[in-house]
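By letter and in written order, the chains are A, B and C; residue numbering begins at 1 in each of them.
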Amino acid sequence: MARHIVARTTEIPHGGNKVVTLDGRDIVVFHVNGEFFALLNRCPHAGAPLDKAACVARLTSPEPGVYQRSRVGELLRCAWHGWEFDMRNGQSWFDPKRVKVRTYPVVIEDGETLAKGPYVAETFPVHIEDSYVIVET
Amino acid sequence: MSEVIDRPMLEQEAPAKSRLKIIDCDIHPSLHARSDLNPFLSKRWQEHLKTYGDHLRTPYIGTTPYPRSSPLIARRDAWPPTGGPPGSDLDFMRKQHLDPLDIEFGMLQVLDMFIFSQQNLEFGAAIQRAVNEWQLAHWTSREPRLKAAILVGQDDAAAAVAEIERCAKIGQYLQINVSPRANEPLGRRRYWPIYARAEELGMPLGIHVGGYGGHAPTGGGWPSYYAEEHQSNAHSMAATLTSLVLEGVPEHFPRLKIVFIEGGFGWISSTMWRMDQHFERFRAEVPHLKRRPSEYVREHFWFTTQPIDEPDEARHLRSLIEWVGVDRLLFSSDYPHWDFDDPRFAFKTPLSEEERAKIFNSNARALYKL
Amino acid sequence: MAATRIDCDIHPAVGGTRTTLLPYLDDHWKEQVVSRAIDGLDLTSYPPNMPLSGRADWRPKNGKPGSDLSMVQRGAFDQLGASHAICNVLYGAQAVYDPYMAAAFCKAINDWIATEWLARDKRLRASIVIPLQAPDLAIEEIERRAADHRFVSVLVMAQGESLLGRRHYWPVWQAAEKHRLPIAVHAGSQYRSAPSSVGWPSYRYEYYLAEAQAFQAQLLSLIYEGVFLKFPQLKVVLMESGVTWLPAFMWRANKTWRGVRVEVPWVDREPAAIMRDHIRLTTQPFDGPPDAAGVADIIDMIGSDRMFLFSSDYPHWQFDGDDAIPPHLPSAIVSRMCADNPLETFPRLSLAA
């Protein structure tokens, strides 16, 4: 497993994302309320880029006219056909077992730790006072 | 079976090597702003456009009462970085769509301005002319891959025919377009002067979903949701096909070719079976039909493929294709709309080389004489 | 002993308001009907003399096809082999604008069918005709028939004033669910507006073909408005709708729902799954492809053997000969559709009289 530094934590605002290429794959990293999620930047339906997806609440309803919201910002509505995916585990809404986006583990590490190594050297400058988003492929 | 796509992306949307050149039969260019039409409008109509604007059979001036599931019905990644709505920037359209997908030709379908549905018929005539000129000035003269259509408001047949004449002389247009949601079903006699001209000129008649004809999207009343209204487009196409065939349009205009655009094709086979099933019983009503209805469909109608059907099992898509007939199908993307079909991924059933060539290229090439 | 074969859609015909229904009207409506000559509620959808309305050998010498009980018995039971049959009266009482007149005429139809048909042949059952434009009066009519288990369903037209899923109809569905009455949506239009999204058709042929789209729109309305979530025991039967449009319709509904679900978050599973649980279709007309392989494909695509209900659509002319079963249907489907599926769909229908 390779570990890649993809960003400083301050680089991606809450509700935003950053796309990086790791091992030949486009990976999108989302930031929601201090948590970071990394997914393959390709919708399994028809290949749409998920970095352009709408980040919305998880929406359920017990009966017509009632709208229950939770986990605001953690669901992705794909930029093309609107399929919904859970950022945390990549599962699609309509068929969570069989249709999902590949996800990648993310850890946050501070510069001091990283400066000691090891990490994949992709000429990403590391400052010990910052925190960094690490994606494992 | 997991449907996780997990393959390396080698290059970020580089222009594809030419394996199969694609003819995309449904691309939607947009105005930046309505004032873009001013150069093609007289002072009177510029003023009218700014003040009274649209007069359509719908409650709102600026939007549909069935809000779409994404802004401007578009893919969220189709907003040009230079500004303007999706589909308004030619360079971005080239970079995002025409180049990487190796589009050889793209047939333009202008939905802006609701040409087909304007209640003020003089205004409608003015803007249809403006839009037809705008297509040439802003799109086809700058990009040879893109092809224009003569858009006409079908409910004023005389004005429609006059506009067809004007555009035909210019010679830069490849089809004549009307709306399926007209004041009356399109097979009705009042529209025949348009079909007569189309047949004489040897130009296909294009019918793209949409329009504000004033009827509810269903025969049983007004739906509450976009989810219902969106699917009603297929129903309107089925009813339009029925009207055209039963009124005798292909019987009366045997050289006329008719293209249904953005209706998809899943509904066609059952509609043909139903027409044939009841033909004998109702025959006395339609003695002008010399052949079975499905025969007219197989000889006079073409159908663009988007939105493609997505059965749970890929082999069922194969059945749909075979029931309609590969020769009837024309690939379309519907770029930049949200339910766009990517030619690389839309057909989840294997196609033979010959089938692929027909659906993605040679059927359209022959139909539009490209 | 004859096998059970339940014909879920036959059409006894009302001769006229001033004739057939008069005995079943109260004094006020009797006087209105006679002194104002109120009559003639045959629907534009079904002119009695047009070929579809009555197969030639099912037309009596006098009167409309379906108006003669003994002829209907000979046709539906003796000739076509049904053991039981559900009567769906298409006389257009529901299409009248005056809600009280509509209610009175619907009541009269239901009284007439009970007295002159159900009472005279223990094999017959019926759908309750209701004035849907006044939901409270429709509920009254349902409650009036609830104890009579010869009434096995509630009849509505495929094209009414509002789509069937709309909220103002929910109390009617609630009453139907309570009394275990499925909703029978039958081909026919109240002509409140154009019977098609593209306008008014020129021909009955054209109109008839457009009915298929109307049924599809009703299904979308019922599903997306959440009717089956609110009334989980409710079933809806499409009658004389055609069948082969169903697969592509299911796929398009699923496709749309996946992308637009946020509009209707109470629809908690795919529309096609909801349809397989709650929707049934009678098999005449079937509108099938000409070959057995095509029919097998359609059945496979639909993905449920429980959705099909045997029907003849007597006396409408849907087929020639004595076999009302559409050609090439797999035998597994045929055996379910004649008895098991109807019994499951119409829980009030007991085979014993």
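Here, a residue touches a chain if its C-beta (ideal position, glycine included) is under 8 Å from a C-beta of that chain, and two chains touch if they have at least 3 such contacts.
Just so we're clear, the structure is a prediction, and the values are computed from it rather than from any experiment.
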*Would you identify the chain whose C-alpha centroid lies closest to the centroid of all protein C-alpha atoms displayed?*
B
*Which chain pair shares more contacting C-beta pairs: A-B, or B-C?*
B-C
*Please report how many Å separate the Cα centroid of subunit A from that of subunit C, as a whole number.*
51
*For subunit B and subunit C, let me know how many angstrom lie between their CA-based centres, rounded off.*
36
*Please set out, as single numbers or ranges, the residues of subunit B touching at least two other chains.*
69, 338-339
*Find every residue in subunit C that makes contact with two or more other chains and list them.*
225, 257, 259-260, 262
*Which residues of subunit A are in contact with two or more other chains?*
81-82
_Under the definition above, what is the set of subunit B residues touching subunit C in their complex?_
69, 180-188, 213, 215-228, 230-232, 234-236, 238-240, 242-243, 246-247, 264, 266-267, 269-271, 273-275, 277-279, 281-282, 284-286, 307, 309-312, 316, 319-320, 323, 338-339
_Which stretch or stretches of subunit A touch subunit C in the complex?_
56, 59-68, 77, 81-84, 93-94
*asked:* With touch defined as at the start, can you tell me which subunit B residues reach subunit A in the complex?
replied: 1-10, 12, 69-70, 75-77, 338-342, 344-346
*Over in the complex, which subunit C residues touch subunit A? Could you list them?*
167, 225-226, 229-230, 257-262, 265-266, 268, 270
*Spell out the residues on subunit C that touch subunit B in their complex, using ranges where they run on.*
50-52, 158-166, 189, 192-206, 208-214, 216-218, 220-221, 224-225, 242, 244-245, 247-249, 251-257, 259-260, 262-264, 285-290, 294, 297, 300-301, 303, 317
